[in-house]
């Protein structure tokens, strides 16, 4: 169930059964020569629908833009400053907690979000710990789950792509978006087959190190078929993780 | 063209022809007994695709959550504080302006965003006017266009719904979302037919004044057919406005 | 009664009868070749005294500097960033609400303030709606009233100046300040008689479009006599609006 | 010359001769049983006119609300948070420096502003020192001058009031406002004659220590005559200080 | 060389040879019944001296308080909000980069800092990527090195303490501080020997789950001897990492 | 007792006897040709140990970096922006007040901190006065004590150094650090013997006025012996002030 397609009385009814919600969070940034700029937002958004079907979870609107300052050397990339993204996460949690939600499951599609979103959780908890949280707010729990960070997906990525998986613009994430959006698959020459690797600093440095945007990957291996397999593995694994989050002590 | 479904080299190519971009911006908030919580984000997102088709414009990912503090008395509503929303708009413009975009057309679906987004534009311009804008940034122009705020749509709303249009959870916006998402149309009793009207203060006050969330409207009149008409009128009118924005002195 | 000229026991006494207050808010910015830089602050300040006399209202000190980034191309103009002005409005309301004031009537003299001050109101309400408002604070209501935005004034402006009224450095506002400060009326050549019109972006763009600062107006028509008429019309209309604000449900 | 009563071409002309400006800054806060709530803003505003006449200086609009959190226990008191006041000072300086002003003489009427305004100056300088100041900005110098903090005034206060001068709601400041606004002088019983003294923490603590708002003073000694003497002494001393500030190395 | 014990001409001389600096960063928080509250700051501070001796590096003053909101249920714990800690890291880097430093090696003693400090690095890089970094600043590189996160230390911890190492108030970190500060070793009963494990949310939740503050550890095994071994291993490993950071492409 | 070397149960025990704490606060900045960059942090840190011994006070970790924007023209100097330092002070007080601490004695080593730290105290009190302080927080009192600002120290400085004491890089503060850290005393030519004096603006201006960093001082007179005398005088005087702070009404 997408929150966007529900009425408020339906949300009121949902809250009688569950106080959990899935919040897809991604990024708008270059994904190499043949990856969609929306890859990191599209993946968790697409998966969230499947997980929701499996678990009955409510899905909030996707936070489509994340922390992607290092990609600003490539046209179309957008970043929120970490401080901005933290405020977005904070306001989202504080709004929903007013209604009684208290288990926030952020389904993440972008490695670059991990630190900032984790820091945002701490900023939220600090409001409770310092005693400044809103009077309306129950004790909340936030969890970030990277969609690729589960057993089934990792095994599949390794099996399908081995060392060509790399770190950015990976064949796995590109495959998943091809499966979700098969009508837009671009043609592109990928050269060299395996992109270079290295550390990440600012946008100019990034573009110098990684001229076509990829890190360590060969996304020419991406396919709709691989995407479908990854989709099924991810939905299964993450549905279980979501259930565990809801029922944990 | 949705930015999310393009590659960065395709954006690079686009920028040779145009430096304009459409950014749908909405809200996640109650829309009465039979309106979708996502109404204000879904409307501009859906229209943007049509306008893009008509004009060749690029469409950024939707900013789905806006300034909706007054709706927090109803489950499922989410707000960004004005200061947060301003930072989101600022970062979006500053990121894209690095690539050469300089005409930002915010297609807005939510009256409650108008003041805050306008203030955000001023915060952006103030960076130029005070001399603190990024060195990479061209002079930028931002415009906010409410989707309902054009001749054809206003005429149609009046003709179709007259005084039952009201101010929030209007039959026009509900119709447009029913046309876009016909599979989720909820059943709901609307009573009284025309909702009360009044001023807007905080969330508790709002819920007291407007018990089911509507303001002055009768959304039981909404229909897929009306939605289709409104869609066509809006796309035509706004496409023209977008073109005028790009070519203005 | 100006708050500045009262003692605290007198304010304590006032609060037994009324919890409303008028807060003049303006701007410090160029007003063309023959308008005072303080026009937008002087007008509401001057009117507030008349309205206070008519209604018994308390008048807070004028917020003399507002959001005027677009005027920074002209010497003497000062802006607060929107975020700063929002904090000023927030602190003012939060301070006075501690004493029991709960009806805040901002009498505004500057179009450029509208969006930012409205956003500030939302930031204030959001504190209540998210549950973070101060424990000392009653539910508050804020209203912004532009001094020119009332029937009598609009009719008079039209009658006196017609199309020469324009949008910035209007003969109406200049007249009002000439009536209030008749000893400083400057001589200036106004050329062309009617200034150009157009959209507003940053300060450099503004100065290019509007070389002497005016928008669409011919302030050479301003006079002390017109100012006096406008004063009487504004005081009458706004006094009524203030009374209605205090007694509204 | 008050900036508010000038046109922008007149400011342009002024800047050819001088790049200095006087900015009165005060507070809106209780001043005991017989002192005006606006005392700390009215004093520097009134003096600035005299100093301007003596020196030809331009006078910016008064910043009428300052840092007065400790007075919030008394009706009518208003505070800006230190962080807000710092932003106001910063924006004022950054706006005016764009036009070429580079000597900012803050004429202060409130002891509680000293720390915050000094910190604001450091925040402004830090922009230069860290290299983030606006490209339009010349090196700026800011000075805060408390109106009572000059030889002539100190001598006069001592001579006139001795130990009854005290620290807040002093007969000197009350006298100065009586001289400036003789039509509003309130009647009030001052008891005990000399108020208690002590440290300043938050508003509740302040009200407990200083039940009628005064600190160490007997403002029943205030008079229009004393105010006139203090006015002359202050104008003379501060005019000299302003001239020295402009010409200093 | 500790920066605190150098003169500025000595720093000027240092910069001719190296533009790197080590910045110890820790936390002030409970470390169970027998661990020092300063453990996370004392460890990197103590190690930095050894690494500096081995590499000739300059060592900045320790940032002794970090992100520790979850420990606020235990007396003596102090947290910076993530947003505050980010500003501290930002200002430190921006100050030192003015002098020519461009390789910032944060030697970290606290797991709870990782996300926030990483987010701070992104905020710093975003200034470059968005074009708002100070004009004085060279391209900078920041690296965070957790002191325990190197081969030699991990092997030793495993060998010495096995499963009793745990996650917070570990025998390894306690040993290191006992070696550094042998005169303050407290007596304390550790019961149960191995503390519980679990997720981390806010301070109340933390205290409920981990009643004496430890997570999964048995710090009664800590000893000065173990501390000395860990010290040597850490200094060796991290000195090498620091050298590699300076010379990396 | 240094908080860093205590366990949390020991702090719990301490709080039964006292709710006071000493927080050394300094700066990291040039101190002329022969003064340590850490002078302003090392002095209060060193003194705090002595005062703690005399009074039984608890000593928090030193805030080693302060507001030093004006020193950024000299290598090794670091500043926090005033807004950052205020947040650090605020978070420190708010954390410790949760545990029951309510008397915060900041022992300061840097004149440049005075305004900002005082403003930070007001920001903290404003949270109480506006009603937004954390629910866990008792009414708090903060005091800043400059280590040199006591009778015994002032007398000694005058006696030992007379006019050569000056204002920055004074022989007194340099002596105190030589006494504390006698193994690092640098050799340096001091020329001219007495440094120039003048006002402080930004970093470029500072370096122009004070080419070797000193203001008005001759630190070649500094000695370990003088440092020891100053140490004893400061500890005696400040211990008494601390006791008075704890017991004051």
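Order of writing sets the labels: A, B, C, D, E and F. Residues in every chain begin at 1.
One rule holds for everything that comes next: contacts are C-beta pairs under 8 Å (C-beta built on N, C-alpha and C of every residue); 3 or more make two chains touch, one makes a residue touch a chain.
All values derive from a computational prediction rather than experimental measurement.
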Set of chains adjacent to subunit C and to subunit E: A, B, D, F
Pair joined by more contacting C-beta pairs (B-D or D-F): D-F
Copies subunit F and subunit C - interface residue numbers shared by over half, same or different: different
Between subunit C and subunit D, centroid-to-centroid distance (C-alpha), Å: 24
Whole-Å gap between the CA centroids of subunit B and subunit F: 53
Computed distance of Cα centres, subunit C from subunit A, in Å: 46
Where subunit F touches two or more other chains at once, by residue number: 72, 79, 81, 83, 91, 95, 98, 129-130, 132
Every chain pair meeting the contact rule: A-B, A-C, A-E, A-F, B-C, B-D, B-E, C-D, C-F, D-E, D-F, E-F
Subunit F to subunit A touching residues, read off their complex: 91, 94-95, 98, 132-137
Subunit B contact footprint on subunit C (complex, rising order): 67, 69-70, 72-73, 79, 81-83, 86, 112, 114-116, 118-120, 122-123, 125-126, 128-130, 139-143, 198-199, 201-205, 248-249
Subunit B to subunit A touching residues, read off their complex: 2-12, 15, 28, 30-38, 41-42, 60-62, 64-65, 72, 74-81, 83-84, 87-88, 90-92, 95-96, 98-100, 181, 184, 186, 188, 213
Subunit C to subunit A touching residues, read off their complex: 129-132
